[in-house]
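Should a chain be cited, it is by its letter among A, B, C and D, assigned in written order, with residues numbered from 1 in that chain.
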Amino acid sequence: MIVIMAKDSTPQDLAEVQRRIENHGLAVDISQGVERTVVGVLGSIPPDLKDEMEVLLGVAEVIRVTKPYKLASREFHPDSSVVMVGDVAIGGSEPVVMAGPCSVEDEEQMVTTARAVKAAGARILRGGAFKPRTSPYSFRGMGIEGLKLLHLAKQETGLPIITEVMAPGDVDTVAQYADILQIGTRNMQNYMLLDEVGRIDKPVMVKRGFAAPYEEWLLAAEYVMSWGNRQVMLCERGIRAFEHYTRFTLDVAAIPVVKRLSHLPILADPSHSTGKWHLVTPVALAAIAAGAHGLLVEVHPNPDLAKCDGPQSLTFQNFSSLMDQVRAVVAALHQEPVGVPSPAHRRGP
Amino acid sequence: MIVIMAKDSTPQDLAEVQRRIENHGLAVDISQGVERTVVGVLGSIPPDLKDEMEVLLGVAEVIRVTKPYKLASREFHPDSSVVMVGDVAIGGSEPVVMAGPCSVEDEEQMVTTARAVKAAGARILRGGAFKPRTSPYSFRGMGIEGLKLLHLAKQETGLPIITEVMAPGDVDTVAQYADILQIGTRNMQNYMLLDEVGRIDKPVMVKRGFAAPYEEWLLAAEYVMSWGNRQVMLCERGIRAFEHYTRFTLDVAAIPVVKRLSHLPILADPSHSTGKWHLVTPVALAAIAAGAHGLLVEVHPNPDLAKCDGPQSLTFQNFSSLMDQVRAVVAALHQEPVGVPSPAHRRGP
Amino acid sequence: MIVIMAKDSTPQDLAEVQRRIENHGLAVDISQGVERTVVGVLGSIPPDLKDEMEVLLGVAEVIRVTKPYKLASREFHPDSSVVMVGDVAIGGSEPVVMAGPCSVEDEEQMVTTARAVKAAGARILRGGAFKPRTSPYSFRGMGIEGLKLLHLAKQETGLPIITEVMAPGDVDTVAQYADILQIGTRNMQNYMLLDEVGRIDKPVMVKRGFAAPYEEWLLAAEYVMSWGNRQVMLCERGIRAFEHYTRFTLDVAAIPVVKRLSHLPILADPSHSTGKWHLVTPVALAAIAAGAHGLLVEVHPNPDLAKCDGPQSLTFQNFSSLMDQVRAVVAALHQEPVGVPSPAHRRGP
Amino acid sequence: MIVIMAKDSTPQDLAEVQRRIENHGLAVDISQGVERTVVGVLGSIPPDLKDEMEVLLGVAEVIRVTKPYKLASREFHPDSSVVMVGDVAIGGSEPVVMAGPCSVEDEEQMVTTARAVKAAGARILRGGAFKPRTSPYSFRGMGIEGLKLLHLAKQETGLPIITEVMAPGDVDTVAQYADILQIGTRNMQNYMLLDEVGRIDKPVMVKRGFAAPYEEWLLAAEYVMSWGNRQVMLCERGIRAFEHYTRFTLDVAAIPVVKRLSHLPILADPSHSTGKWHLVTPVALAAIAAGAHGLLVEVHPNPDLAKCDGPQSLTFQNFSSLMDQVRAVVAALHQEPVGVPSPAHRRGP
């Protein structure tokens, strides 16, 4: 950490800064520039020291040199992590597609969808039993009955299940049925929920909050990991920007950025980010070409009748065509994976 | 609701749209324009009808005419609501200031702060016992011990208490101590939590999600109200924009907008939106001048030592000066309240 | 256009709305719903009628049914446009890569870069002679001398040139040297400049303003086209969002969206959007996979010494590797171009 | 400037950094921390040094300690600047209101409006002769005829005139008629235009680009000032955020921030930021309470018939009422000006 003193700071101010730092058992390196005095802080920095320094008299700016997350960082864990879900490896060289309806509606819908997405090449089945809805008057999911139908579809097809959990009190129940617990975008900073999924032994997907900078997103993963659960994967699902033609704006650069900052697998959700079925395939291919470890895609036997997210759901046929194109792009990039971090700050080759 | 057909839609498409609408027991009015056919939907519109219509063949656009929230809307409840907290009226002509530290730290801090803010004119005491923190390694609050210290400060000063609740399972406990339960910005779409505070009989403050449009914010209030709890107030606390000099960007126009769209009281938080103590007073005065029903201000006996949010906390002296200025502005606007909705869409005097 | 009357509107309000519409020689279709009265406007709508209607007494909302741009729209021109630059076709099935340094610095830099990017497969040479710089104290380009060096590099390699024009008074001069005139992101709504490039007979690239919704961007293209110049192409170059790790946020969905709304070619600039060389390749591949008609890439013989944009410039070697990967992705998508608009609003095939 | 070396940087990397810095005639201070090596750069930093350093091998981060603008900064010019327009002082203790129609339409409109706003207390007359319009098909202003009508209204009332200039080639002409030249939000980074208004001897108002951080805005002012014209004032007019109920989002904190960072007068435009007449008064009062040196307000004799911006224009009566309230708030804050910078970084008094 570096503390930059204000132009008009006094020697007393500097002494107080030094005293405070040393109180924490840290060492100080003072550099008297022509324009400013700069104080380097040496040692293991407590998380709130920046806040403490910033309010001291005579302090102009405080700059963190190390990142605020550790377990989630690539510095801490240089090798890329692979999360195993049954025999499906997420984070390796083969992207994993998770597909299924927005919400579980009935047995036939789930089973036919599971069969169709499996046939097309999906490795994981998605489906919402607990649904976060903007309006209290919208369909909010089937709850436990929905989990049971997901389980049934898993038995029929062998596909592992990913589903969202919305409340700390539901974590144990959802974990009984799900193979991956999903933290939705609106709960990315629901810290009680992050604590709770950190205590279980199941893979967790942390979707990016739609207004979360990379650092806050990785800190959300850090919450989960700090409780001992290291089976964490991330999912870029679009941020809220000024454009309203699409529901959200997929930040495709997030994929190589996360791969550089973190060792965790990073997937992308082209369905929620665009909100329109005809944009799902091009955006999905973009994510794969940028190096995503997988996709989360909404598929429905009859999108016109879907209880939620119909406008962005693919038909079986369109999903199958998407998978063909994904495979083609993956093959093209084959042995030359893109976006793998070069040695830090080196220009290559 | 209005359904606009695409230029290239067929008579079969139109017939299917009509059939679907009539299936819901609604009537249809078809207007054949030169450029487009427009279908008006007459009757009480179910919440998900828009989604259903949008995916039908031949539909170009679907436009909601009525707002998706009802209980929170001024159309439904034309008179402004006043929420009573003991003998403090929130939503009337006198703005109510809620002040106190970011987090409860110890008895002396709470009691001296409570006395100081009361002396300066605050009517409600704020203080965090459960703290949402971006990093898992930061101080997360004292929990129930913090609630007890808040209660002690209330006994000493008579000031009612506002404090944040973060998990559905904590609502009953927090409600035992708090006079107003606060839903923080990161939990504005934590629907399980909204459900839970909707079931109790205590006032609730719903802070705006930092990426929430007005409509989603009012729908969060609607969640609470739909369970029967009508004692809801709103708080503008800044949105996330591209500027990083301030922590967030206070949207001051939100105050008159909410007063027009809703009957609920609207307050403002100049501390979290700016993140810098020297911006708190001008932004607080701006909110009052724009017609806010109150303020939420962070005050600490010694901001340099605060366990959180020190940089944006006011000293007792600066808070007292803020209150003097607030009173002056309120007096200036006295009998001519600003921002009260004119008769809808009328320009008149 | 549709005019929705307010709940409390009077018959007089409705009559005035009708009178105003008919004054413009337009017809009216009135639909009396249970909740609202809706007025359809039939005929060719003048551009400012929406503004006029919105302020009338008793009007709740006015909705445009047709788009505000015409010449740039796919409705007006269903076939995709191809812009020819010499023998290079932009907008066809083969993506076109434009590459070169941020700014022209000297003859050797330009000629060696031109040769290197040509050898790697670039078809157009880029280079800035007039540079928009955030600070008045930064290097602002070589001006006309820079144009001459670009011309020299063109003579050496045969590569056509794209370069930015910043002022209406410079259009003729720049057009003497350039094969494509570029309108930069900061000038997307510099209407005097758009007028001027609309009057010449040279291809124009309109980069998206970094806070421009799709509609305003297409209206900027419409400005150029309305003066008679139909050789217009668009370039997504990143929007300004809350994330600061990257310079801007590339909106990859813009590519299929523009292909749906417009017939104009759409390219992408992975260099300016990311601001970091190690993100350029994955983001470039994403754009290609999403269906972009080309790329604009910054390349420099020695990025460490570049006079501007060094951090985001590729070395010759990294650019050559990018081109290999682009070719692989293009081949993968080969005969099945992604993102080509399906028949409007059809889920087919 | 501070250069932070990467963890894995080599002694050679450090030597190269040092060599480069010394090449510019600057001195170096190297601090070897436990975690990182930090290089302080001492001396007068060239504007592009940061870019140069960032791309060197082994460099993790480069931090500017001093601001990139100088003439516009309060550090350079500690006393607040007052810009005189005739006998009107902008930047002093008395806020100055500039009012008038969006666009000049005819003599009667201008003269009656000028008289009405003068009677209500406005000190400057605004009116657009050259209008930046999103669509090429909208009314773009009367041009020179409009300037003549503004001049006529000035002769009738004595009110100085502010009007927008959009092209470098028009600066001299506009300067013949206008007392203040306005740079619109879409031209804030039209550097050729900024250069040109920097060369004349007339006050200039630089409106904030709707996606411009404070630093870029102050650099736009720096452009003008670097040519010798020090009569510069700033105007906050709303930024583009995700909310679409209002046209833009007024960033009220910009007012005290600019007063801290700069010595230039700062005004606010409640009309363009909100886009709705019924929000103009509360937002205007907010800006005044936050310490704005003035307002820019759209007023029209008959907003229903305005050729542009009717929905956000005030009637004479509503403007007069706004002025009454502005005066009341100003009086309330009278001798205790808010937002005046405290001694830097001091919490006092």
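In this section, contacts are C-beta pairs under 8 Å (C-beta built on N, C-alpha and C of every residue); 3 or more make two chains touch, one makes a residue touch a chain.
Computed from a predicted model, the values in this text were never measured in an experiment.
Visitor: If you tally contacting C-beta pairs, which pair wins, C-D or A-C?
Guide: A-C
Visitor: State the chain with the largest centre-to-centre distance from subunit D, centres being mean CA positions.
Guide: A
Visitor: Roughly how far is subunit C from subunit D, centre to centre by C-alpha average, rounded to an integer in Å?
Guide: Their C-alpha centroids are separated by 27 Å.
Visitor: If you average the Cα atoms of subunit A and of subunit D to get two centres, how far apart are those centres in Å?
Guide: That pair's centroid distance is 38 Å.
Visitor: Taking each chain's centre as the mean of its CA atoms, how far is subunit A from subunit C in angstrom?
Guide: The mean C-alpha positions of subunit A and subunit C differ by 30 Å.
Visitor: Where in subunit B do residues touch two or more of the other chains?
Guide: 55, 211, 240-242, 244, 277, 303-304, 347
Visitor: Please name which positions on subunit B make contact with subunit A in the complex.
Guide: The touching residues are 47-48, 51-52, 54-56, 68-69, 132-140, 166-170, 186-187, 189-194, 210-211, 216, 219, 222-223, 226, 240, 277, 303-311.
Visitor: Which stretch or stretches of subunit A touch subunit C in the complex?
Guide: My answer: residues 211, 213-215, 239, 241-246, 249-253, 255-257, 260, 273-274, 277-279, 281-283, 285-291, 303-304, 315, 317-318, 325, 328-329, 331-333, 336, 338-339, 341-342, 347-349.
Visitor: Which residues of subunit B touch subunit C in the complex?
Guide: Spelled out, the residues of subunit B in touch with subunit C are 2, 4, 6-9, 27, 29, 31, 33-36, 38, 40, 42-43, 55, 57-61, 63, 65-66, 75, 240-242, 244, 343-347.
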